[in-house]
Every structure is written in C-alpha cells, then in structure tokens.
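Just so it is clear, A, B, C, D and E label the chains in written order, and each chain counts residues from 1 on its own.
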Amino acid sequence: MNWNSLLPLLIVLSALVPGLIIFCLDESRRTLRTTLNICGALTTLVLIGIMVSGVYQGDLVETRLPLLPDMDIVLHADALSLLFVSLSGLLWLVTTVYAIGYLEDSPNRSRFFGFFSFCVSATLGIALAGNLITFLIFYELLTLTTYPLVVHRGTAKSLRAGRIYLLYTMIGGALLLGGVVWLKSLAGALDFTANGMLADLPHLERGQLQIIFALLIAGLGVKAALVPLHGWLPVAMAAPAPVSALLHAVAVVKAGAFGIVRVVYDVYGIDFARELNVTPVLAAIAAVTIVYGSLRALFQDDLKKRLAYSTVSQVSYIALGTAIAGPVATIGGIVHLVHQGLMKITLFFGAGNLAETLGIHKVSEMDGVGRRMPWTMVAFTLAALGMIGMPPVAGFVSKWYLGVGAMEADAFWVILVLAASSLLNAAYFLPLLFRAWFKPQRGTWPAERRFGAWETHWMLLLPPLITMLVALGVGVFAGGFASPLTWTTLIAAREYGLGALPAVTPGLLQVPLLWAAILAPLLLAAALAFPRLRRRCWYWAPWTALPALAAAVWSSEGQNLLPWLFFGSIVELDSVGRVFLLLAAVLWLTAALYAREYLRDDPQKERFFLFFLLAMGGNFGLILSLDAFGFITFFTLMSLAAYGLVVHTGTREALRAGKTYMQWVIIGEVLLFAGFTWLAYSAGSSEIRALAAAPHNDWIFGLLIAGFGIKAGLLSMHVWLPRAHPVAPIPASAVLSGVMVKAGLLGWLRFMSDGDAAAATAIDWGTVLLWLGLGGAVLAVLAGVVQRNPKTLLAYSTISQMGIIAAGFGAGLLRPELWPLLVPALLVYALHHGLAKGALFFSVGLTAQLAAPQRRWLWVAVALPALALAGLPFTSGALAKVALKTAVADLAVLTAVLPVTAIGTALLMIRFMDLLRQGVAEQKAPGAVGGFLLLPFMMLLLPLAGAAFLLPEAQVFLPALTVPSTLWTAVWPAAVGVAVYLVCRALLQKTAPLPAGDIIVPVEAALLYWRRWWRRPARPAPALGGYRQLQQQFARLATAGADRSDGPSLPLQVYWSNPGLVFIVVLFALLAVTFS
Amino acid sequence: MTQDLFYSICGIALFGIGLYGLLIPPHILQKILAVNVMGTGVFMVLIATAQSRAPAIDPVPHAMVLTGIVVAVAGTALALSLVCRIYALSDDTEQDAGR
Amino acid sequence: MPIDMTIDFTLGAGVLVLAWLSLSTTNLFKAIVLFISLGLLVTITWARLGAVDVAIAEAAIGAGLTGALLLAAWRRLRTVPGNTRRKAGDNHVS
Amino acid sequence: MSGLSLPALLPWLVGLPLLAAAASFAGQRWVAGRWLNAVGAAAQLALAVLVLWLLAAGDSGLGQRYTLGGWGAPLGIDLYIDGFAGLMIAITAALGFVLSLYSCSYFTEPDQAARFWPLWWLLMVALNAVFLAADAFNIYVTLEILGLAAVALVALQGGRPALQAALRYLLVGLLGSLCYLLGVALLYRAYGTLDLAQLGQLVHAAPLSWAALGLITVGLLLKTALLPLHFWLPPAHANAPAPVSAALSALVVKASFYLLARFWLETLSAATTAQGLQVLGVLGAAAVLVGSIQAIRAQRLKLIVAYSTVAQLGYLFLLFPLFGRPSDTAGLGGAVVDAVAYFIIAHACAKAAMFLAAGNIQRAAGHDDISRLHGIARRQPLSLFAFAIAGASLIGLPPSGGFVAKWLLLNAAIDAGQWWWLITVIAGGLLAAVYVFRVLNLAFTDSAEQPPAAEAQPVLPRLLPLGAFALAIITVLLGFNALWVLEVLDIGVPPLQLAADGEAL
Amino acid sequence: MFRELNSNAAPPAGLRIVCALAIVGLTLALIAAVVVSGPAAPGLQAAVAAALPHSGVENPVTAVLLNFRSYDTLLEIAVLFVVAVATLPLRRAVAPQRTEAVAVEPVLAALVKLLVPLVVLTGGYLLWVGAYAPGGAFQAGALLAGAGVLLSLAGGFSLAALPARPLLVVGLVVFTAVAAAVGAITGAFLQYPVAAAGVLILVIEAAATVSIAATLLLLYGNLAEPVPSGPLAGTKEPAS
C-alpha cells in the first residue's frame, strides 16, 4: 500500500478518528476536545493539500478495499472530487471554530462534536468516492450521522424536524439503493469514468436506463432539495446554527448536488444522457426549484427559514448547470458548488451570530442591527450581494458562466430563469440589508449578550469574516492560478475531452497611474470603515480624485492587463475614456471639496463620505476598465454606492426616492447581465473590444439600450431621476447629474458604436433611440418648467440634455458613416453639460448658504453656467451645440428639432434663475461660512470656460464657432426662450407642480389599489388546497407588509406576490413550449 | 389390510386426536396429556413400520421409539413443573383461578 | 376374518376410544386415570406388535411414571393453599 | 497437520460443550467457577475457528463427512460439514463466546448461575449438533435438546410472564417436534433409511413424500416462528434474560431455518413444488411487513426487538422462491444462499447486540417501557450507541453487515428476475428505520423535565455495555469485507460415502 | 389456535367445530397418503442383522441403541440431564428440613417393605439381561424410579435425601468418557473395539440406569413433595 493509495483513506479517517475519541470524552474535557477538533481539521487540510499536489503531478491517488467478490470500495481522487474535498475541508475547519464558540456552555457537546466529525468524514467519503457503491455507502452514512445533529437540542420541535428529515432522506436512500442495484445488475462494475461509463455499453435497453436515471436523481434529489422533495430543508432549521451552516452549505445539500453531477457526467456521460433526453427533464425540475425556492423565501419572516429556501433555489443552479449540455454551463454549475457553499455558510454564520448575541430570529427584528454588529453585517451583506449575483463576489462568476453556457446550448429560457431568480434573490435579500443598515434600531434587542470589546464572541466573528474574504477573493481573483474557476475549467476540459480552454495570456503593468486612480478612493473608503481612523480620514476625501485628474491630463494612452483579476482585467485609457475621466475627475474633486464644507456639522458625514468614495472609485473603474467583468463590477459598485448618497438625509421622501432608485438599478443590472452574457456568448471572450465587434442581434441591442438607458435617463426609464437627484445632498446631486448619468452614454459608446455590429438587427434601433431622445428632451422641458424645487428642475434639465445626446447617438446608429465626426461632438457636449450642471447644483447650494449682501453679485456667477447651458455664443454650450449640429448636418429631422430644444433649455434656465431669485430654495442655517463653498464653485467655472476649448476633439469645431450664422443661430433661441417665459410667467406661478417622477405615479397608484383588493378577507376556499395555501401566504405577507408600511418596505416585494403567480404560469407555459 | 397398515392408521388417528386435544380443551394439564397421546400415535406408526416385514422385526424403529418415550416423559415433566410454578405464583398474587 | 385381526381391531378401537375419552372429559382426575389406562393398553399393543423392549419401557415410564407425575401435579394444583375457588374433590373444569 | 484432520474434530464440536455442561453442573461450588466457563467458551471458539480454517484450507472444495461409531450411513449416524454449516458453527461459537463473557457478569446470584451454565452449554451442544447432523432422527433428538434447553433458560428467572411464555414455547416446541417425528416416520416407512444424503437420492414425488415434507415443514416453521406461527416468540424472547434472548433470537430460530433450507433445497428437493417455494416466499414477505408493524406499535423495548426478529426472519424465507427448483449444484451453493447466509450472520450479531443493549437499559432503568425511558442516554451511553449501530445494520445502512446482506439479496432478486421481492426488502428496511429511530429518540430527549429517580440507579458492571458494544463493532466490521465469508460458503456438501458394505437399500 | 393457556373458558363453539374439521381433514389426508403408498419399504433389519455379531450384544434393540446409534442415546441422556437441571432448584430449595411426617398407612408400609427389594432385584436383572433379551438401561432405570416412588408414597423415605448432584451427572460423564477413550483407540468417536464392546456397553448401561433413575425420581420428587409457598427461593423477582 504505497503512499498514494493510502492517502484518500487517511483523509476520511482523519475526520473519523477524532470523532471517535471525542465521543468517549466526557463533557468537562473542553480544552482536549477543542484541540482534537482543530487538529483533526488541520490534518485533513494538510492531507488534502498533499493530495492536490500529488494529483497535479499527475500520479494516480486511489484506495481500493475489497468488499464483495465483484465490487470493492474505491476512494479515487480526480479533479472533481478534489474540488469538493478542499471545499469541505476548509469549511469544516471554519465551522468547527464557529461551533466551539456557539455551543459555549450548552449540554452534551462531546456527542455533538463526535457526530460532527463523523458527518464530515462521510462528506469527505462522498467526495472521494470512486464508484457508485462507495458513494451510496457514504451517502447513507451521511444520513445516519446528520440525524443526531438535527435533533441535538432534544426539544419537541427539533425531534419533529428530525423525524421529517429522516422520512425524506430514508426514502431517498431507498430509491437510490434500488437504482444502484438495478444499474449494477445491468451494467456490472459502476466505476466513475471520465465521459460516462454507460456510453460504451450500447446494448443496454433505453427504457430501463431512463427509469434508473429517474430513481437515481430522485434519491439524490432529496438531499439536493429539488422541488417536490425539498420539504425537509426548511424544517431542519430547528437545528443549532453551526449544524444548519454545515448541513446546508457544505455537507448534505452539496452531497446531493455533487451526486447529481457524478451521475450525469461520470455514470451516464453528458451526451448519452442527452441522447436519452433525461437531462432536459432535470433542467426543467431544477428551473422550477430555483424559482419556487426564491418565491417561498420571499414570504418567510423567520431568517433561517428564508436562508433555507434560498438554499433550495441556489443548489438547483448546480443541477441546472449540469443539465444544460455544454462545457461552459458545466463550469458554471460545478463552480457554483464551491461559491454557493462559501456564500451560504457566511449567511448562516451571520444568522447564527444574530441569534446567539442579540436573540434575533425574525427578519422583522433586524432593524438597525448593522450599527450594533457592523462586522457581522458587512460579511452578511457581501454574501447576500454575492447570492444576488452582484459582481465582484463569487456568485456573479457562476451566474455569468451559467448564462453564457445557456446561450451556448441555445436554451434561451435559462437566461430568463437566471434573470428572474436574480430579481427574486434581490427581492428577498435587499430588505434584510436595508433593515440592517438604513433603519434605526427599534426598542432593545430580545436577548442581548455583551462580549467585551468585540461585537460578539471572537470565535463567532472570525469564521464569517474568513468565509466572506474567501468568497470575495474567489470572485475577484476568479482568473487566478488556484481559483475554483480554473480548477473547474480543468474538470470541464476532462469531461468534454477538449484541449485546455483558452487561458488568458499574462501582461505587464504598463501604466500604474490608472490603477492608482481607481484604488485611491476605494482604499480611503476602506480606511473609513475603521472607527479610530474614521474621524480623521474623511477630511482627505477630495485629494483621492487627484490621481484620476493627473491620469486624464498627462498619462499617455496605454493598457495594463491583470490576468488574475476577475477574468483577466484590462484597464486602458483611450480617447473616449480620457474625456470622461477628465469630466469625472474635475467634478468628483470639486464635489468633494464642496461636500467637506457643506456637511461639516452633519453627524452622518463619515457614512456619506464612505458611499461618496465608493461611488467615486466605481466611476473611475467604470471609465477605465475594458473587460466586461471589470466594467459591470464597477458599474454595480457605483450604482449601489449612489443609493447611500440618495438616502443620506434619511427623510421619508429620501427613503421613498431611494427605494425607487434601487428598484430601477436592479432592473438595469439584470438587463445588462442578460445582454452581456448574450454578447459574451457570441463574442467568445469577455474583452470589451471583442464584445463590441461581435454581431449583435435584436435581443442584445434591446437589452443594452434599455440597461444603459435607465442609467442615462432615457424617456420612460427616467422616472427615478427626478425623484432621486433632488433629495440627495447638493454635492451628491451634482455628481449624480453630472457624471453618473454619463455612464449610460459611455456604455452605449463602448458597446454599440461599432458600425457593422448592428448589421444583424431587424428593428431599426437608430430611429427608436432618436425619437426617444428627442421626445425626452422636449417633454422633460415641459415637466421641468412647472416645478417649484430648483433641484427637480435641474434634474429634468439633465433628462432633457441627455435626451439630446441620446438622439445624437441614435443618429450615429442610423448613419454609421457619421461616427468619426459624431463621437467627438457627443464627447464635447457631455463634458460641457456635466460641468455646467455641476456648477448649477453648486449655485443652488450657494444661494441657500450665502448671507444677503453677497447674494447680489452671485447672480453674475450663476448666470455664466446657465447661459452656457442655454448655448449663448462664445460659451462651451455654443461650442457643444455647434459641434452636434455640424456632426448631424444632413439629418433634417435632427437639425430641425435642435433649435426647439435650445429654446426649451433657455426657458428652463430662466425659470431656474427666477426660482433662485425668489429664494425658495430650502433655507440652510444662515451664517455658514460661505467662503469655502465659493472655492469649489470657482474651480468649476474655469474648466467650464477653458477646458471645452482646449480639448483636441473640440479643435475641429472651433472655426465653425466664429462664423456669423452660427452666432445668430445661438442667439435667437435664447431670446425666444426669454420672451416666452416673460409672457407666461404669471401662468406658471399658479400651476400646481407636477409630482416628481411623472408617469410612474399612476402606475404606483394602480398597484396600491390591487394590493388593497388582494388583502380583502379571502374568498370561500377554492377546491385547490395547495393554491389555497399559496394564497394564504400572499395574504399574510400583504398584511405583514402593511404594518411595516411606516418603513418604506420594498413595494417590489409586496407587488411581486401577485405577479409572482402570473410569472409562474408564464414560466410553465414557456417550458411547455420549449419542450413541445 | 395388513396389520402394519392398520396400526399405522390407528397411529395417525391417535395423532389427530392428540392434536385436537392440544388445540381445544382449555385446561393446561389436558394439553400435556394431548401431547403424550400424539407421541404415542407417532410411536405406533413407527412400531407398525418395524413390524411390516412380520417375521423380521426391524430394531431401528424400536430404538427410536424408546428414545422417543424417554424424551416425551422429559418434556412432560418439564411442562408439569412449569405449570406448578405458575400456579404457585398465581395463587398468592391474583385470586381468580383464571390467570 | 382370522382370529388375530379381531384382536388387533379391539386393541386399536380400545386405544382410540380411551384416547378420545381422556381428552374430551372435563374432569381432570378422570382424564388422568383414563390416560394411565390408555398407557397400559398401549403397552399391550406394543407387545402384540412384537416390540417387547418398548412394551416394558412403555409400561414403566409411559404408564407408570408419567401417571405418577400427573397425579402428583394434579394433587399439587388441587391443594395449593389459599386457593378458595377450588372445591375439594374433583377439580372439574367449569 | 496430519494428526489433526478435520473429520476428527467434528465430534469434539459436540463433545466439548457436553463435557463443559457436566463440569459446570458438578463444579457449582467454586465461586470463580463462572469465569471458567468463559475459558471454556474461548476453547470452543478456538475449536470452531480451527474447523473453519481446515474446511477453507481443504482443496477439494467439498466438506467432510464423519461416521460416528464407524458403522456407515444407513445403519449408523454420520456428521458432516459444508461451507454453510461451517459458518453457522463459527458464528455460534463466536456469539457463544461473547455471550458467555456477558453472562459471567450478568448472572450474579449463585443459584441462578448454577442453573444457567449447564443449560447454556447444553444449548451450545444442541446448536452444534443441529448444524452437523446428517441423520433425520438424530435431528429430532437435537431439536428436542434445543427446545427444552431454550425453554429452561427462558424460565430461568422465574417471573410470572416468563414462566407463561416458557410454557407456551414448550408446548409449541413439543408440537413441532412431534410433527417433525411423524414426517420422519413416514419417510422411513416410504424409503427405509434415515440418512439425509441417501434420502436425497431415493426421494421422488409421491403422496407420502409430500405428506412427510408437509409435516416436517410445519414442524420446523413452528420452531422458526414464521408469520402465522410466530405468536409464541415475542413474549418468550422479551421475557427471557438478556443473554438468553440474544442467543434465542440470533441462533436458535436460525437452526430450524437452516434445517428447513436443507430439507427443502437438498434432501426432499424432489418432492418440493414451485408453488410451495412461492408460498414460503410470500409468508416471508408478510412476516417482514407484519413483524415490523407490530414492532412499531410495541411499547416495551425488548418486545420491539423481539418483533424485529420475526420481521428479519421474513427476509430469510426469500431464499426459497429465489433459489427456485434445485439445479444440480454441489448442494447449497449459489448467490442466493450467499445472500441469506450473510443475512443470518449479520442479523445474528446485530440482534444479539440489540438484546444485550436492551437488557442493559432494562437493568439500569428497572423497566423497559419506552415512554418512561427519557434521559437513559446519560446513564447508558455505550449501550444506546451499540443499539444504534445494531439498528443501522437491521435497517441495512451502509457501514454494516446488514447493508451487504441486503445488497446481495437485492442482486439475487434481480438476477432471478423476480424483482417484486425488491420492494419487500426496501419497504422492510424503511419500516425497520421507523422503529429503530423511535428508540434512538430516547438518546436525544433531554431528561430535564424528569430528573433521574432519587434512589441510586443500579450501576451495571463494566462488562455489560462493553459486550453489547463488541457485538455492534463486529456488525460494522462485517460491512467491510464480505469476500472471505462468501468464499467459505461455496464449499459444497460432501459426497455420500456409502456404508462399508456398499449396497444401499 | 392456542387459547390463553389455562383460562377456563372453553373456546367458542364455532371455532371448535372448524378446528375439529381441519384436524379430521388433516388426519384423513395422512391416512390416505399412507394407504396409497402401499407396503412399507424394507427397513434396516438386514443391515442390523449383518452387523449384530460385531456389536458385542445379542439383543438387536440394545445393539442399535448403544452401538449402531449410540450418538442418539448419548443425546437422549443429555435431554434427561437438561430437564433435571431445569427443575433442580425446587429440590435444593426444599433442602434438609423434613416436612411434617406423612401419616404412614400400616398396610402400604408392610407391602412396600416386601416389594421394594424385589423391584430392585428385577431392575438389576433387567439391566443385565438387556444384552441378550429385551431389557436395558431405560427399562431398569424406570423400574428403580418406580421403587423410589413407592417408597415416597409409603412415607418412610424422603426423596430429598437423595444425593442428587453426582447421580444425575454420572450417566452423561461415563458415556462421553467412554466414547472419547474409545474414539482415541479405534480412530472413530463411539466406535467400540469389537472384543470389548459387550463390557463397555454394560458399563455405559449401568451408569445410564443410575442417572435415569435419579433423574426420574428427582422429577417426581419436586412435583410430589409440597413446595413452601411464596416465590421460589433463590429466584430474584426482577420484572423481567
């Protein structure tokens, strides 16, 4: 028995032996038991490490013990088993530490840790099983050893849970046994072979094989919690937290999923399974489970039950990944095995901490818990975001690969399912985070326990942080050397017999300045998290924008490539990027300076700057990154951080605006995610230039336009903008309107500006965009003019300007040959608008701050940006308008409408100045030192005047500026605007202001009415018991929603209860269609 | 109707009567009697078989019957001692004779 | 019908009748006495069938000793102290 | 090893325990006498292992035959041993050894011990004699010893329910033996010989042989307690002292099954009909289901284990339908017999462990009513753990011998094409899970609301839980290497050495 | 089928009839099988006759019992031993103290004084004649037991006085010892050397007679002599 053949056995024993010893220890021997536990976990990890290196050098690591004449117990280490073994080993160590802390002084711990070690040894056995019978042996052993853990507490509830758990798993085990025996009698030895053992046994009878497949999957489905068989999982929540953490994240559920992977790939072989057309059925069941699990999670008020249903849905991703035939989907499925484990265990640790330290079990009790236990909640938040699929956490990676894989197997409905489940995940995770961070603490905690300096016992705090860091690392360094993703690619290559999948070539770090620009704000934000540093760091916030400014002005165009970051991230400064970076740097710098003064005495200023800096980092990253993963990561970071800015003031109005903002952000995210995966599939790589060049079909165009349109405030998707911008503090509004909105334009330019890419589309997206832009521009003016609050007016002005830019871009789509002239025009226009809008927002702040005498000469300063925006000659506005007019000279409809928009803008500007003059802007405490506010304002005016002209792109339009005819075209619209305003000024005073967010308001009213109708006492029960129960759920939630109506609980969640039902019907219809 | 056939039939009849006696009558002593009667029936069949070749008596069944008788008496003795111990216990614990 | 067949018939019939009587009677003592007489008749049958060893053994053990044991047991059951229900005399079964 | 040939050892397998019985009866005076018995049991185990090793080492692939008294088959009596018999003897010796050790510390009163040990050794004599027997009438006598010794052991502790159960067991035993004897008498009348091997050659389908087969089968079914005739087993096994009920459930009922298998599949196989085999199978399946249901409903711990025996015996009877009409294999070979033999061994160890554990719990708590046994885990952790492991083997969960047996049985069922037995086996496993885990819940019901009784709980001697645990460990080990056991099973029945005078009538 | 063992209520009439019919049917079937199968097959008398000269005794039954199928007899004595051990406690529990003297009937006493020596003599004769004519260990043993019973009935003699332990076990020990010794000599367990067969059989028969008599007397003794009321001495009353 040389070393290699002994290793797997040693690993399984290294978990078993400590268990046996611990069993014999009596209760009082705490230290011995702890050391034994930890040593056992460590030795296992070391052995796994040795085995991994062994397998890497390619030698065969296998233990073979004779059991029956024609069958023996085989423990074989191949790539797939190593992945699961290392996951189990790592998480076992972490969970042991957690369990020791958690069960500090509870009774019969020897028994607990004994069975705990047995359970892990069973899991390791399952991972290393080399043939189906060994798998079955350890699978049943797992049932036996986890039962005592579930009933550990001995209360009536846990016994009931144990009974139900046993009922399900026993039946599952029986089915599996039946299947395995039947298969053995048909196919003889059941060793796992690379691409399926049954493939090369042609004579087997198909009907029987299908029934056997059904039996095997049913048996495994119980543990993998596929829909009809998932009943035990939520009930098993009665177990103590470490048990549910281990059970649901690592051992039981993963064993089921791992089993399904083994059966589909190593017993049947993926193509043979497809030939039997059993995999589509599995895919359908998995899809239904995903949606059903998420839906049920929506209605659970008990935290652990919600996490349990989330597990039900998440594990089915793995089943879905395996069922869709294709190497990329396989990678997605298998890598999710690891990622889901890491994220879910963090969530359970978090839940356990809350229960153990504060006695919180219900979601409704979680208000303000972020403040009380910041570090636990940080881990919880990151894991939750990962579960939703937000980059850069691990969840995104697997969803990305699943999406692309689905495209590859052209199973379009899978994308739909992924998108839907991401939305549902958001619907049931975000309220948790919202309550934790943004809602004040209600009353005292149910059962609070103090643990000295730390928020909770160090053994309870360390594990979630470790697993969170690993989850983050796995996500961020997905392309890295030893990441699970690389390992799974190796597995998929083996399964499909392909050569190694295209590895990313390493590059060197050419321009360090670019990374400095991105990382500076992020690092400072991280520093803000530490209470001691917090008091001093917020003051340095503005200087973090300097690296970006330097990069924009001086750095040469260059690219640096980090293969190990994300999927191989590319950071580059090209001509388009430079302009945006310049605009962003200037605005973030001035806004930071302004904010420093503006929020000097605001108690929450550290929190404001935390989100401010995160948004800044996200913005710079967004502009510079040229790989899809990086782009969407920073895009998400910026959007989420902006939420913090919007709800900063904490008023009811701010929270309601924040909610709308978040809803639309998430919809945007999902649309972009769908678009990108589709594009990545057709491009074959995740590099943006390749994506841009890849042929776009209608779906991709529609998704990208809508996704970026939401950010750019395109008509019908702009509703969140007029609500969010005004409620934010001035510097935040400036940045929101000035820079963040431009991200939408940047997205369009990056992804859709390539001419021939649009060839494959049936719909003429150019005209659509054109008319949407122009419509937006005109209607926004009408809506803005009647506003009372100047900031809302400015918001509508932004929508109008962005409408013009969108129209310009639409023109480009119509006539690709215009691009060389049109891009610089759009850039100049964007730059001009950003700077002007920033200045205007600052001016609103200034008017409120400055004492009466200084206000008089302020009008001169305010007039400059307002007139520039209106396009007065010799101002950057004129330059921008001229540039645009020359670029689209031959598009009659555009040239006709431009002057009208000019008039509109002028009208808005006059109205704005009038409102300012009436001093209706919200009064700030007078006497604040205005001086320091002036400095940033002045700093903004300079570039507004000078920069526009110095831009290389602007040079080509300069000569046109001085031609008399352009002068006239710049002046008459302003004049007409002023005249119109003077005429109907009286009328405007009287008209009631249109509520912000115009067209969304009636929609919300309709939804509220539907909700009240739904909550009427239920009608006499229809015959369908199941439907009755589902309706009960909705009704109970609706009432629960009502009492939380004081806090703006996500209507998205409440409304979803009804459309959710509709959605299921649609989904079934769709499935029926695909399979008919 | 040879002699051994007749006696075999009588033996089997005795076995039947014994079986009836074992199953129906209520009192335990009668059951023990029934067992002995059945035994006698089986022995009659054996002895009849031994005697089937009239002049040449086959000694093996005789030996079997001898052993059978001793075993029967052993069984009966054990049964009776158990019955007595039950009665000894039952009378000072419960009064009714039934238990 | 040769002379010996009549003997066999009478012996056979006697054995069967005695067996039936012994088991169907309700009076225990009568049953035991009938059983002992059955034992004696069987001894004669064995002798008739030429199995002398067996006849002696049956007489000594089958009829003699088993009868003694049964009678002793019956006496024990009848006179167990404190058993009010049992009337003296026949221990008949109600 | 010329001197030490296998046949020479066979009589000693019976002789040794006989002498031990006499010695233990005579030597009751010495207090330390009990531990001598343990030494005797060890000697017996050594002998059995030696026999098995010699049997396995034999290259002829066939067992050995031994003529007692040198007179040869029809006239004298022979002993013979094949794979199946060898294994049964080995398991009897092994369990005998462990149970003897257990009994040394279980029976503390001198009077009870004095009566226990001789009866225990006689039980061993009977068991070995049954497994070695090759003569029909000899089997009758061994069955009698087995029956009477078992009854005496059940009645050992003299409680009222025990005595009544013993009496009922005795009557059933006597009825069974007499039916069997009548069957043998009819066979002797029809074929004139008593030796099983000769009968095997002579028997042909005739009304008399059907009648004989019917009687023998009813007799043995009564003794092995198959479903309709099982009413006597639960009270008997539940009320007997722990080591006795362990021996009864694990070995005694198996002996009569072993004989039934020999008669049906070997000796009287010519007279058997396919429908008869199916009926036995169906009765077995019914036993599994009804036994399990009754076990689920039972309230007393030992009663549950007893009903579980009735259920598990049902599995054994699946041998008959699956074995089907006997081909000319060299006796009882074939996959089905492997499965059933392995089942017997696994069940023997598991059931013995369970009864010992139940006995410990009863002695520690003073009663064995489940509803009042909360917090027993704290006082008897090792026993409950042994009960759990043995339970896992009964259910057929992997690391145990039960799983391998169930696996072999399922395989045999599918190979024989009668897949419906599959459902019975799996359903039986699930039902077993219900009643085993019903007991295991005791381990987790914390006894907070019922503080342990004030008076000191009787502290059990250390050996008792260890005995149960040792057997449980054997069950688990059986789960790991079935190879060796299955090889021994394939050793066939030795050919018939005709009597010296050569002619068989 | 089995009523509550000793409940006095007779089984309901319906069941009795059904049972009776079933049993009658079974018996008739067996009888039919025997009748149909015709004459019995020739037994083993030829083989016994052939081997009788080497068996060391003339009486074929004794030859079969103690030579050809001596293993059966050995196990049979073991059966007796089992029952003896099973019913032993009653005997020892009663132990020495003599219950009140049983009224001695003069007539019976006189008869016993005459009969017992005669019975013992015939017992001895029966034992010896076993080798040549019908007789043998079991019959002799039973006869001696009969004598014992007579004595006990007569009241003059208490069975408790018998030294139970050695007497019971002597038969078994002697038989096994001889079997083993003989096995060592002639190579097969229980195979007597032809010359010494007769003597050995007689020795075994003597020992067997003694232990059979003792056992039977013991069985009768514990039933006949009144047992002190109350639970058996020595049996702990665990609610088993």
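Observations on the structure shown:
Everything that follows uses one rule, which is that contacts are C-beta pairs under 8 Å (C-beta built on N, C-alpha and C of every residue); 3 or more make two chains touch, one makes a residue touch a chain.
Bear in mind the structure is a predicted one, so any value in this text is a computation, not a measurement.
Path length between chain A and chain E in the chain contact graph, taken as the least number of steps between touching chains: 2. Common neighbours of chain B and chain E, by the contact definition above: C, D. Pairs B-D and B-C differ in how many C-beta pairs touch across them, and the larger number is found at B-C.
Chain centres were defined as the mean of their Cα atoms; on that basis the chain farthest from chain B turns out to be A. Taking each chain's centre as the mean of its CA atoms, A is the chain most distant from chain C.
The most central chain, judged by C-alpha centres against the centre of all protein C-alpha atoms, is D.
Annotation: 18 Å between the Cα-based centres of chain C and chain E. Chain A and chain B have centres, each the mean of its CA atoms, that are 89 Å apart.
The distance from the centre of chain A to the centre of chain C, with each centre set as the mean of the Cα atoms, comes to 98 Å. Once the centre of each chain is set as its mean CA position, chain C and chain D turn out to be 38 Å apart. Of all residues in chain C, those touching 2 or more other chains are 53-54, 57, 61, 65, 69, 73, 76, 80-82, 93, listed in ascending order.
Looking at chain E, one finds that residues 2, 5, 8, 10, 30, 34, 40, 42-44, 46, 48, 61, 68-69, 72, 76, 79, 82-83, 86, 136, 138, 216, 219, 223, 227, 229, 231-232 touch two or more other chains. In chain B, the residues that touch at least two other chains are 8, 12-13, 15, 18-20, 25-28, 31, 45, 49-50, 52, 57, 60-62, 64, 66-67, 69-71, 73-75, 77-78, 80, 83-86, 88-89, 92, 97. In this structure, the chains touch in the following pairs: A-D, B-C, B-D, B-E, C-E, D-E.
Across the complex, chain B is touched by residues 1-3, 5-11, 16, 19-20, 23-24, 26-27, 30-31, 34-35, 39-40, 42-46, 48-49, 60-61, 63-65, 68-69, 72-73, 76, 79-80, 82-83, 86-87, 90, 136, 138, 212, 216, 219, 222-223, 227, 229-232 of chain E. Contacts from chain C toward chain E in the complex involve residues 52-57, 60-61, 64-65, 68-69, 72-73, 75-76, 79-82, 93-94.
By the touch rule above, chain B contacts chain E in their complex via residues 2, 4-5, 8-9, 12-13, 15-16, 19-20, 23-28, 31, 45, 49-50, 52-53, 56-64, 66-67, 69-71, 73-75, 77-78, 80-81, 83-86, 88-89, 92, 97-98. In the complex of the two chains, the chain B residues touching chain C come out as 1, 3, 6-7, 10, 13-14, 17-18, 20-21, 25-27, 29-30, 32-34, 36-37, 40, 43-44, 47-48, 50-51, 57, 62, 65-66, 69-70, 72-73, 76-77, 80, 83-84, 87-88, 91-92, 95-97. Taken in their complex, chain D has these residues touching chain E: 11, 15, 18-19, 21-22, 25-26, 28, 66-71, 74-77, 109, 111-112, 114-115, 118-119, 122, 125, 129, 137-138, 141-142, 144-145, 148-149, 151-152, 155, 157-159, 161-162, 164, 167-168, 171-172, 182, 186, 188-193, 206-208, 210-211, 215, 231-232, 239-241, 363, 366-367, 499, 501, 505.
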